[in-house]
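In the two complexes that follow, subunit A is the common piece, with subunit B as its partner first and subunit C second.
Entry: the complex of A and B
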């Protein structure tokens, strides 16, 4: 029971961490507070569902299509919808307010489209449902696959950000957009790239989650919320922090769902969020914000 | 405070307002029940959008949790409506709203605005889940019935009174020290702190005030439904509608939101009747259009063309002064 709860907490937490990494990139580098982020996660889940049930293509292969597609989609969202806001904002606070409002509108549009197509029901599909024995607990193979991919993508993402030229540029923009311009970094391009990359991470998260969880059109808000909490808890822009915070959230949620009541998972998220706000609002590993 | 109330520039608008509200109170004897229900929608959204703007307008802290307070008001009526007399129920609702607003305010408003937005963004989901959990596990009934002896006209008059009180509160606030402090915070929080304003306390006070009006709206509207469950009472669409209306009208003026409420309530009426399935999409598109094309709302547009010199960014102080003028 306990090992099952912990393991499912780790898979769930791994997903949260992965999804939050994308969001921390969008918020940290592009300075866009994206409230529609969770909707894009759910869109990817539904895309994987459609591909699996109608074309029989399994979601792992589907990722090859979804990653570039979501990258392009988010690139377009940034270029068409968000860059006018970036251009008109006089300071960071104004961009934050504008981006919150614009993505809040986007949230309802995406959710509305999903509702028209899929209705309010819960969906799931069969993919590698066989049980695997892990330390005495029977774990569905799809969870292991999802966790494995989350690790690969998370690690790859981390390496891209810390080891490549592009990643270094992104981190420089996150630290100080004004100074980044002085060392010949194209800040607008970096912001757009970071937004698109973050969106691609959301899609990966959505596809992996759909392998082992049931999902519905109204789940986007919960994903956004959890990703935001993980981002704040780990410290904005901090990848390692996102990983630790995601795991804490996932395990806490799984333990409460197993031992107390599955109906209280959002309450757990909020209790953790409140604790972070009261004790250390700059995040577990965050520097104090001036 | 007292001597400012006796000035003619205070008495004149209040007198005018009183006359208009007195005239509006006769509406039920003029129109049929369809238009009455439309009028109730307009007045309830007017209260919600004005209350929202009272806090979010000057501070620019976007609250996405209007429906949480609205729903708590409605639930208070559902739980206590048949036990206590209605005025006492309203007091209980206001207290419940105050408690929650204090909790949210003190945990987030001492931090940067974005924490507040995030907290309110997920709050609807949290409250809905907790109420559902309570109903499933403790009362074992998912929905509740509200049978109270309150007619549509009673609801209208109550809402109208609430709106009048809200406008008067906002009007007095606009010329009080608290309102002035709030506008300074909205312009620059650091400056406000250096002026000796207790920034957190002012923000929390205003947030609680605005939340109380939202809770009361929910409580007054509850008898209209007869049946409520967590999904009906805590529908995030309502928070969204209120933000759209306030932004269309212009949240930085007392009567600004009203300019957004009237056209949008009529638009929502048309949309729900003709495109029930695409309502959310249409609403999202309307909202985006407002955010992109009318950042200052209708009032902002009007001011821009009436007095172009005031739009210059270097003259930031005139904005705070003209509101009191």
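Entry: the complex of A and C
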């Protein structure tokens, strides 16, 4: 029972961490607070569902389609919807307000389309349902696959950001966009690229989640909230922080759902969130900035 | 060679630079002396593409027109700026700062040589490569800033008051490094208020007042110029 709860918590936490990494990239580098982020997670879940149920193509292969598709879609969203806001923003605060309003609108558009298409029901599909024995607990194989992919993508993402020149350039833009221009970085391009990459991470999260969870058209907001909490809890812009915070939340939720009451998971999420902020306002791995 | 022709810059209604023309050749240090608010930083920022210029302005580097290029393309063309306040990436390590200096495509092939050059110039940095840049001392941060600019393999280097906040000894070391950089063929445009030490290493100099060039000469002549002595070298008026 315990190892089952811990394992499902790790799986869930891995999803939170993955999704949060994309959001923090969009916020840190592109300076866009994307309230429609969770909707894009759910769009990917539904896309995986449609692919599986109507074409019989499994979600692992779906990833190969949805990652580039989401990258391209988010690239277009940035170019069409957001770059006009970036161009006219006189300062960071103004861009933040504008982007919150714009992506808030986007949230309703995406949710509306999903609702027309799929209605309000919960969806799921069969994919690798067989159980596997993990330390004495019977775990569905789809969870293992989802966790495995989350690890691969999370680690890969982390390595790209910290070990490659392109990744270092993205971090430089997050630290100081003005100085980034002085080392020949095209800041507008970097912002668009980071936004698209973050969107691709959202799609990965959505596809992986759909492998083992039921989902509905209204769940996007919950993902945005969870991702935001993980980002703030881990320290804004900190990838390692997002990983740790995501795992903490996932495991806490699973333990509470198993041993106390599933209805309390959200309450516990917020209690942990508030506790962390009370003790360390800049997040677990955040630095107190002047 | 950097050629600035009739550069004018305004911030709203306030005109910070009016018809400034100057030239910097490769292999020379040119100092720009001027009081606070004279427009020195505006001049360097305009060259680097960070502030908007008036229409009749023309800026060229070795014949290539830079006037309307975006800042990142100007670096690519061979002009590097070390801004006022250094502009290094504090949250990144010294190594990462230097690595980013070579982000420009023009710098990729010579990256290794340039890194060696920077390490020879500032041996201290080689011991601190994995330290976060913001935890370095002011003088060390200036070395990082200068090193980062050199990593882009520039033809012309623009420096905005690099001696600000440094001790006279540290400033002396820094200026020696500048002389060494000049001797590798790089042209240096140095903005300074520290006239004594900067004129000593410079080849030529300009005087800037209220956004306009008011004088230019060889460094030697400027050092003995009475007006310069009064304004910048602290000579007591009789």
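The rule is short, and it goes like this: the second predicted complex is superposed on the first by the 290 of 290 C-alpha atoms of A that agree within 3 Å, B and C clash if a C-alpha of one lies under 4 Å from a C-alpha of the other, contacts with A are read in each partner's own complex, and residues count from 1 in each chain.
As a convention for this text, contacts are C-beta pairs under 8 Å (C-beta built on N, C-alpha and C of every residue); 3 or more make two chains touch, one makes a residue touch a chain.
Note that the structure is predicted; figures quoted are calculated from it, not measured.
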Touched partner set for A:169, first subunit B, second subunit C, both or neither: second
Which superposed partner A:279 touches (first subunit B, second subunit C, both, neither): neither
Which superposed partner A:224 touches (first subunit B, second subunit C, both, neither): first
Subunit B versus subunit C as contact partner of A:55, first or second or both or neither: neither
First, second, both or neither for A:1, with subunit B first and subunit C second: neither
Greater residue coverage of subunit A in the superposed arrangement, subunit B or subunit C: B
Which superposed partner A:178 touches (first subunit B, second subunit C, both, neither): second
First, second, both or neither for A:87, with subunit B first and subunit C second: neither
Contact footprint of subunit A on subunit C as seen in their complex: 48-50, 70-73, 75-76, 80-81, 83, 87-92, 96, 99-101, 103-105, 107, 148-149, 152
Partner subunit A, residues of subunit B touching it in the complex: 60, 62, 64, 107-108, 111-115, 117-119, 121-122, 125-126, 129-130, 132-133, 136-137, 236-237, 240, 243, 247, 277-285, 287-288, 291-292, 295, 313
Interface residues, subunit A side, partner subunit C - complex: 165, 168-169, 171-172, 175-176, 178-187, 287
Parts of subunit A lying in touch with subunit B, wherever the complex brings them together: 33, 35, 81, 84-85, 88, 90, 93, 96-98, 100-102, 104-113, 115-116, 221-222, 224-225, 228-229, 232, 261, 263-267, 269-270, 273-274, 277-278, 281, 289
